[in-house]
Amino acid sequence: MSNLQTETITMEQMKTNKDNRFLQFWRLFRRKKPAAISFYFILFLFIMMIIGPFVTPYDAAEPNYTSVLETPSASHLFGTDEYGRDILSRIIAGARISLSVSFCAVTLGAIVGSILGLISGFIGKRVDKLIMRTCDVLFAFPELILAIGIVAILGPGLKNVIIAVAFFSVPSFARIVRGATLEVKEMLFVEAEESLGASRLRIMLKHVFPETLPTIIVYYTMNVGTAILAAASLSFLGLGAEPSSPDWGAMLSVSRDYIGTAFHIVFFPGLIIFLTVLAFNLLGDGLREMLDPKMKD
Amino acid sequence: MPDLLEVKNLKTGFHTENGFLPVVHGISFHVNQGEIVGLVGESGSGKSVTSLSILRLFHDTHGEIVDGGILYKGENILTFSEKKMTKYRGKELSMIFQEPMTALNPVLKIGKQMRETIILHLGMSKKEAHQYAIEKLKSVGIPRAEQVMEDYPHQLSGGMRQRVIIAMQISCNPSLLIADEPTTALDVTIQAQILKLMEEIQEKTNMGILLITHDLGVVAEICDRVIVMYAGRIVEEATAVELFENPKHPYTKGLIESAPKIGSKKDRLNSITGTVPNPNNMPKGCKFAPRCPSAMPICHEKEPELMADGDHTMRCWLFDEEVEKKGEMQYG
Amino acid sequence: MGDDILIEAKNIKKYFPIKTGWFEEKKYVKAVNGISFHIKKGETLGLVGESGCGKSTTGRLLNGLIPVDSGSIIFNGKDLANASKNEWKKYRQKMQMVFQDPYASLSPRMKIKDILREPLDIHFKHMSSMEKDKRVEDLLDKCGISKFHLNKYPYEFSGGQRQRIGIARALILQPDLIIADEPVSALDVSIQSQVLNLMKDLQDEYNLTYLFISHDLSVVEHISDRVGVMYFGNLVEIATKEEIFNNPKHDYTKTLLSSIPQMIPKARRKQMN
């Protein structure tokens, strides 16, 4: 009876213990001001991604020829574009396209890259050489040129932008995960597991991979910023989203003709790209300080 | 004449994510000229923090000395400017660390590193400094000193590196040498050599040495006087002979008894139960009470003060006369 | 019964290549240079030596973590030198390791419960979950860790407690031989003695055989029945502990013995001389 009681108490303690760990992480994180503000900003973008189309003040696609190229005012906070569309509404609606493209691309790149990095680092020898030399070759191309090349082969369109951006983020993920794997592999607990008779696959998945996860998370966050830029660049060059769609890069691309006459229609899409990329980089930096064991003490 | 080093009611702690964490709780001790004093304790006893406090070496850590004074030849070094402190470090107060590799710059030749300190503190020319460095290396028993001057740290063995560090640290004839676990990373045979070297240097130069260690065997080997720390407090202080032959505090007794001794026929070691208390969650009374085999009710209630019995001091209720009387009335 | 040999190493060798330039001759470190010894059932063989003498490599060779270059290892009458991977897995069940650094040898992101269950998951696929849990709890209890800690992570424990967990993990498969590589070197003195006592108790209870690798002669003297002294890859002396400590034959053993701090204060020693 009393035994049972103590057990329930400890179960509860465990629970609070776990909550505390999360809360503690959160408390520490909030103290890192730039990272925390970035986090809120990204959270806000996410909400916009979901509810965006329902809250935009104007229809993002409907042209309104009575108010063409209006400067920012109370009715159009960010002004209007050459078809009289409200730029604020277009930016909100465009969050969906621009963010989902870069997230898909980075996720794809991270998965493939991490698997390759894990294999490369853990198995080593020839496999490692093969994977890493291939990565070196890919690294030798400027990222954007590589992406343009891929889109040129596959044809323009958002799906192919995703593939292109994913493709050039694979080698960097592979390299960074390989580094983390090599480090973890040398740790004593991996040897301890081996001495227990655990198979290499088990050690790799159950012990090495979780240890590299913080590195992957940090790098993932930072890469989203790069991917947004790359996707915007491709759209700017007319290789990505449809020019008429509210994708941020496409907006920039279309509006560049008006840069002399209506500065605001270039400025606001550019600003939002800048802020988003900055936010992801600052968040990544903050996470690295908290998660990356090398940065600790 | 004042003591070489006098630490008065030193309180040091660290600023952590969860607020200020005191590590050293008001300790006082002194080191005389020509004396080797051992500061013994387990991990978490605050012994290393004490040594860092004396040199004010808290660069990147969030450590802070919150109270007390550290008098070196009568001057309170806590009031020194950082500039003056830099001048004192290496010249007046020197320090030897546990891991000799980390104390040397891996990309500079030994000779260059030695010359730098010598030129800085003694104002010699490069040539003089070079000769002087070779002389010092020879004095710590390094053969082929000229050759070693041209070597990089990784080309030397651990014992050699520690000798180089010692040569470097004594090159400016400091009056006080603080050695933090100087032999812990070394093999037994090398340890014996380094300890012997330290003793010889001390006899030759008459400097004071504060030896910080967890190893009572090392203490017995070279120390004149011993201070035992537990949970950031001094729990016992006595001459080495007195401490080893007549330990008073149950913690000291436990430490001495729990070390395996060659030739003893005992099957089991007398160990101290439990673990060192967490600094976030210190017991209320005597910090050792939860692990103490002779703890009394008062030990869990009130922390004892240091009590003196001649040269021998201890922080334990067992040696308090009033408690003794009361105990007799209660149990006797 | 007591004289049965559990494991025997016959002239085992391990050379590690040193990286040299392209055109230089290949060089090797002779980590273990042809050593032979045996351990009887239920006894403790202490292996002492200084850093780089090959004692840790010897432990890993016996356990197969590193393959031997030549020589043979005979465990329970079977030669392991040419055993297949599967056979090794079976032998590993019967010989387990305890490592020096209790902070690094436990997988940091796993709960204690999972760390201890892992060997059972690997080797006893058919054992029921209840049975596994029971075995984990019993053994932790024997090693002095309350079952209320089962759901904690390694970082929540002190060094001594972690080493107890490491020992429990080594024992969970009910092995015959424990290879302990400096198991108490990273611990505080007061904790060292607790762990040494625990190891002795467990040996008595489970009739374990130990290979106890350490640089600390007093610890080795305390726990061993026989002691081997290693020096630069060679086993220079092996004998009963009384013989080694009272009547050392090899010069190196003598040097080693004279280097041990004696716990006799300096002033007293000077009086004695």
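Chains here go by letter, A, B and C, matching the order in which they are written, and residues are numbered from 1 within each.
Note that in this section a contact is a pair of C-beta atoms (placed from the backbone, for glycine too) under 8 Å apart; a residue touches a chain by one contact, two chains touch by 3 or more.
This structure is a prediction, so every number in the text was calculated from the model and none was measured.
S.K.: Among all chains, whose Cα centre is located farthest from the one for chain C?
M.R.: A
S.K.: Please find the two chains that have the most C-beta pairs touching each other.
M.R.: Per-pair contact counts point to B-C as the maximum.
S.K.: Centroid of chain A to centroid of chain C, CA atoms only: how many Å?
M.R.: Distance between chain centres, rounded to whole Å: 47 Å.
S.K.: Taking each chain's centre as its mean C-alpha position, how far apart are chain A and chain B in Å?
M.R.: Inter-chain centre distance comes to 50 Å.
S.K.: Rounded to the nearest whole Å, what is the centre-to-centre distance of chain B and chain C, using the mean of the C-alpha atoms as each centre?
M.R.: Result: the chain centres lie 32 Å from each other.
S.K.: Okay, in this complex, where on chain B does chain C touch?
M.R.: 42-43, 158, 187-192, 195, 199, 214-218, 220-224, 239-241, 243-245, 254-256, 258-264, 267-273, 275-276
S.K.: Quick one: which bits of chain C touch chain B in the complex? Just the residue numbers, please.
M.R.: Its residues touching chain B are 50-51, 158-161, 188-194, 196-197, 200, 215-219, 221-222, 245, 255-268.
S.K.: Quick one: in the complex, what on chain A touches chain C?
M.R.: 6, 10, 14, 187-189, 191-199, 202, 206-207, 210-211
S.K.: What part of chain C is in contact with chain A in the complex they form?
M.R.: 63, 65, 88-89, 92-93, 96-97, 99-101, 104-109, 118-119, 122-123, 148, 151, 166, 169, 173
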